[in-house]
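Report on the structure given below.
Going by the order they are written in, the chains are A, B, C, D, E, F, G and H; count residues from 1 in each one.
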Amino acid sequence: KVSIIMGSTSDLPVMEKAAKVLNDFKIPFEINALSAHRTPEQVEKFAKNAKENGIQAIIAGAGMAAHLPGVIAAMTSIPVIGVPIKASLDGMDALLSIAQMPPGIPVATVGINGAMNAGILAAQILAVGDENLQEAVIEFKEGLKEKIVKANEELSTVKYDYKTN
Amino acid sequence: KVSIIMGSTSDLPVMEKAAKVLNDFKIPFEINALSAHRTPEQVEKFAKNAKENGIQAIIAGAGMAAHLPGVIAAMTSIPVIGVPIKASLDGMDALLSIAQMPPGIPVATVGINGAMNAGILAAQILAVGDENLQEAVIEFKEGLKEKIVKANEELSTVKYDYKTN
Amino acid sequence: KVSIIMGSTSDLPVMEKAAKVLNDFKIPFEINALSAHRTPEQVEKFAKNAKENGIQAIIAGAGMAAHLPGVIAAMTSIPVIGVPIKASLDGMDALLSIAQMPPGIPVATVGINGAMNAGILAAQILAVGDENLQEAVIEFKEGLKEKIVKANEELSTVKYDYKTN
Amino acid sequence: KVSIIMGSTSDLPVMEKAAKVLNDFKIPFEINALSAHRTPEQVEKFAKNAKENGIQAIIAGAGMAAHLPGVIAAMTSIPVIGVPIKASLDGMDALLSIAQMPPGIPVATVGINGAMNAGILAAQILAVGDENLQEAVIEFKEGLKEKIVKANEELSTVKYDYKTN
Amino acid sequence: KVSIIMGSTSDLPVMEKAAKVLNDFKIPFEINALSAHRTPEQVEKFAKNAKENGIQAIIAGAGMAAHLPGVIAAMTSIPVIGVPIKASLDGMDALLSIAQMPPGIPVATVGINGAMNAGILAAQILAVGDENLQEAVIEFKEGLKEKIVKANEELSTVKYDYKTN
Amino acid sequence: KVSIIMGSTSDLPVMEKAAKVLNDFKIPFEINALSAHRTPEQVEKFAKNAKENGIQAIIAGAGMAAHLPGVIAAMTSIPVIGVPIKASLDGMDALLSIAQMPPGIPVATVGINGAMNAGILAAQILAVGDENLQEAVIEFKEGLKEKIVKANEELSTVKYDYKTN
Amino acid sequence: KVSIIMGSTSDLPVMEKAAKVLNDFKIPFEINALSAHRTPEQVEKFAKNAKENGIQAIIAGAGMAAHLPGVIAAMTSIPVIGVPIKASLDGMDALLSIAQMPPGIPVATVGINGAMNAGILAAQILAVGDENLQEAVIEFKEGLKEKIVKANEELSTVKYDYKTN
Amino acid sequence: KVSIIMGSTSDLPVMEKAAKVLNDFKIPFEINALSAHRTPEQVEKFAKNAKENGIQAIIAGAGMAAHLPGVIAAMTSIPVIGVPIKASLDGMDALLSIAQMPPGIPVATVGINGAMNAGILAAQILAVGDENLQEAVIEFKEGLKEKIVKANEELSTVKYDYKTN
């Protein structure tokens, strides 16, 4: 099971892309709003009980001085995936606040607003010990190629005198 | 009383400048190493008991994804002064991780490696309700001018044919 | 009493968030427009008389090469809270112009456009010597949690086949 | 089993921290030099055979326009951990080249030169399906606290007239 | 012949400017969508056969962690022109991911969204061994001056009391 | 006389602010479009004849890799004021391309899109040898204060229960 | 007469390059240490009396949150040349704090640590009304070419089999 | 024939890497020092005569506000390769001043201090119409793999208990 955490519901449009991916992979997941700064006790309770609640990977999104992923990672041994959310400075503040963790407490950081990739990464992590899921991940990656095939079809309709394909 | 917190003793050479200032102002202070990521429980215990332990202002220094000041600020109503420590990216990661706090949980951020200023700011905060300390702060600011007077004396020894002073 | 200063009325929509917070805390405050560059004499007069006018903390907002907070801080022993206003370069110029003060003259910098946090920080500073206000700050921080509770309620309405909560 | 990949042996001093961590966790690992740009065929061969060679997680370090982690991630369903190496621009070019992956191909990015954290993250990922390893990770995190205890002991030797602890 | 490659059709509005320029120069060209991450095999096949397919220069556009130009450059001796596409962080991530290539594998990088310049550069490269094309490039550069002449005519209509031209 | 130069008429909305200021100061000026890259010969002719054409200061605006101000400064002894125009990367590329001139060839750089300030600076430079213009500059600076007075009047209409002014 | 101002004598090694240039041009100048933050009254006194003290241009250097040039510019109609001094963040904080002045108060900004260029710019400004000085500036610029001639001589000693010059 | 240009001989240690590569490829080349700012006439003369002097590609290196590559590109139809030299701001100013050229005048930009890659790119460009040189480029790229083989041999000497290769 995967847990998706966000600091406020304003992050939902971004973070929902992770939910969609997990749903497509048929991986059970929960979504919660928890704030490292507003509800530190809940964050602690959540992080410390995550393992015995069957959570295997945590996806945490936050913007600005984005402490949530790092704070959760400090309190659990479950892998934490951090999603820097673009709220100011084009998301650069969140990227640095999440990626630049000190030695000892890693956060698996994805790109700015990269919640879809966070979902895929969670699936890849769960797939380490799950052959079926691994198959599904491989299939998913195959599926990405179809978009390119389609893209090429679109491009074949672009017409120029000196275009040769 | 002021509490100086740092994530590791490698930050001591920077953070000690805050200690020196407080000592000069004769403000009692304590120094502790606490890590938002390695000892979250101690951080919590420290932050929640700070007020009843007589702490009136907290100076917290941290580098990289510098969560310590923000995490403490989330758990106390005492003003928290954040010192971004230059450990990577010229300290820009720490500056953003400390200054860009979300609405509701301010951290009073000083410049990169600006622990001396953090000490002065703590003194200014304590002086709000303490006439004697306020006098001392005013005197301190007066003292800064002397350096400039001295600087001008040094500059008068710089000689050029067309220098007129 | 707190004084809110801004360089031009175009900053009012941002800076008014500080006013709102102070009003909620029932802290008397004044709002003035003063420019470090256009009315340096008024800035000086304001800063030098602030203490005897009963001001206990100053909130100063400015954008671009944001000198106002630092210039005021140079002329008073009252704590100055600086609000970097986003007017160009995503506010990065203002953040650096306010935070990177030289040794001796601290400005308590909050995040870009962080006027609400500036108001809260002013309240925290005044609360150092005021038990009632301290209670109010603690209550305010408690109130922040309610938003998260509400957020979680909203999230419970998000439906996916594999969502477990 | 984990595979540590680097683009050149000049990255060894950084990447060896990952090896050390894995060794401490008693996780079998291999180290190889492979370049996305100089030996693309080997990279492809490596990535495509990784799973059947028993690799469960890949740690790939690269500097500058750091394509190695992303290129490997494109050719395997195994989770790839990217380590941005500081070779120019303070490592910012490598951080962005690794973290900002397009939708579909995540790389679990750690901080600049953060190979130690990459090792820990690999252990956390393998521990998802391995109770013993999970115990070891929890123990490791406990061990981090001891450093802080030691740090506090060191700090108790710092003496100031107004220091109270 | 020139080959224009892009990672997805969403880049077409930018990359089409290169097509237009090549068409104006009457240089035959093809346009294809290929993704370094989604279709690595096709990229490899394309790059390795480019020369015998008569390709003399490749224009590759990509955004974010833009690996496509570098990955192609790694697999061919034909000059590769990289176009950083603005998709996040104002295009700075793409610029660094393309320009900062390691020693051995150059990519001829143009400005952010600079596909028109990529087309001109391709023409300049093909013109090295083609006198007619060289004439066309010289003519093209002459044509740029006309815009300025026109611009000056427009400016002559701007009226001020103290404007002298 | 002052000469206002821009690389293309698309810069006119920004650069016209300089024209307006000069017109208000009753300083004769001309406006021309000249491109360092498209019409280098005209730029050279302009720069070399500027002095004997009675030009006393040059205002040159350019965006992106903004070479125009520096190239003109290389070919004349008249002071050149550079205006970085925001065309990409928030204008940071233009700011660095104009300000970071090598030793020997200064450009007097103003802020991003700061054409109004460029006009004022030109007036200040011409005023060095012109008492009347100096008076006008002093008056102009006085005029800036009126805006602040007005701003304060507006602020007096902002009402809060705890607002004291 | 030109006045060189710096915030502290630690800036002298950089700022002295301006002195050297002015001395070479036989332009009388003074050097003073004045701090916008530590001695605001002296700064004010200096700026307001500059004109009647015969100052025609002011060169002000400062690092970090570099307010000195802007604060002086706010209090005089004499042109102010700002030199961003590299003290932190590679000098980027000082560059932005000096260049990004609000409308109404320009500072003629040179490059980071560009005090030599500040001296030349001051000479160019004074030369607007001084034929002799203008000659000297033209001669100075001619002199710059000699370095390149010398450089080419050095380069002719570099030997390679395929080097043709 | 290729022409290597640099703004000053201080750039020689960087730019000589381009010379070395060209020499290895047995491509005749010349090296000259020319400054866009100090010797604009020579730059013009060089650029305009380059073609009839048999130059087929130009490699131009410059630091800071690096105008040289763009200024040369404006005056010739020969492809110009720009090398941003790290002289300040980690080379970011030079990278932007070279890469961000306006539409119409491309510069083929390589990485910061990437003169070796500039040499290879020049070889690739000349190879477009030269089968023998193309063979040499392909061989060169093959040679890059040997370094990796060697690297792997070195890595096989790294010993850990749990290292499996």
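In the analysis below, a contact is a pair of C-beta atoms (placed from the backbone, for glycine too) under 8 Å apart; a residue touches a chain by one contact, two chains touch by 3 or more.
Note that the structure is predicted; figures quoted are calculated from it, not measured.
Taking the definition of touch as given, a chain qualifies here only if it contacts chain C and chain G alike; those chains are B, F. Farthest chain from chain F (centres taken as the mean of C-alpha atoms): D. Set side by side, the interfaces A-D and G-H show unequal numbers of C-beta pairs in contact, with more at A-D.
Per-chain CA centroids place chain B at a distance of 33 Å from chain G.
In terms of their C-alpha centroids, the spacing between chain D and chain E amounts to 35 Å.
Among the residues of chain E, those in touch with two or more other chains are 35, 37-38, 64-65, 88-90, 92, 99-101, 104-105, 111-112, 141, 144.
Interfaces, counted as pairs of touching chains, are A-B, A-C, A-D, A-E, B-C, B-D, B-G, C-F, C-G, D-E, D-H, E-F, E-H, F-G, F-H, G-H.
Of all the residues in chain C, the ones that touch chain G in their complex are 7, 35-38, 40, 44, 63-65, 67, 70-71, 73-75, 88-89, 92-93, 96-102, 104-105. For chain A in complex with chain D, the residues that touch the partner chain are 51, 56-57, 77-79, 81, 95, 99-101, 103-112, 114, 116-118, 120-121, 124-130, 134, 137-138, 141, 144. Contact residues of chain H toward chain D in the complex are 86, 90-92, 111-113, 141, 144-145, 147-148, 151-152, 154-155, 158, 160-165.
Note for the complex: chain D touches chain H at residues 1, 8-9, 12, 16, 19-20, 22-23, 26-35, 37-39, 42, 64-65, 88-90.
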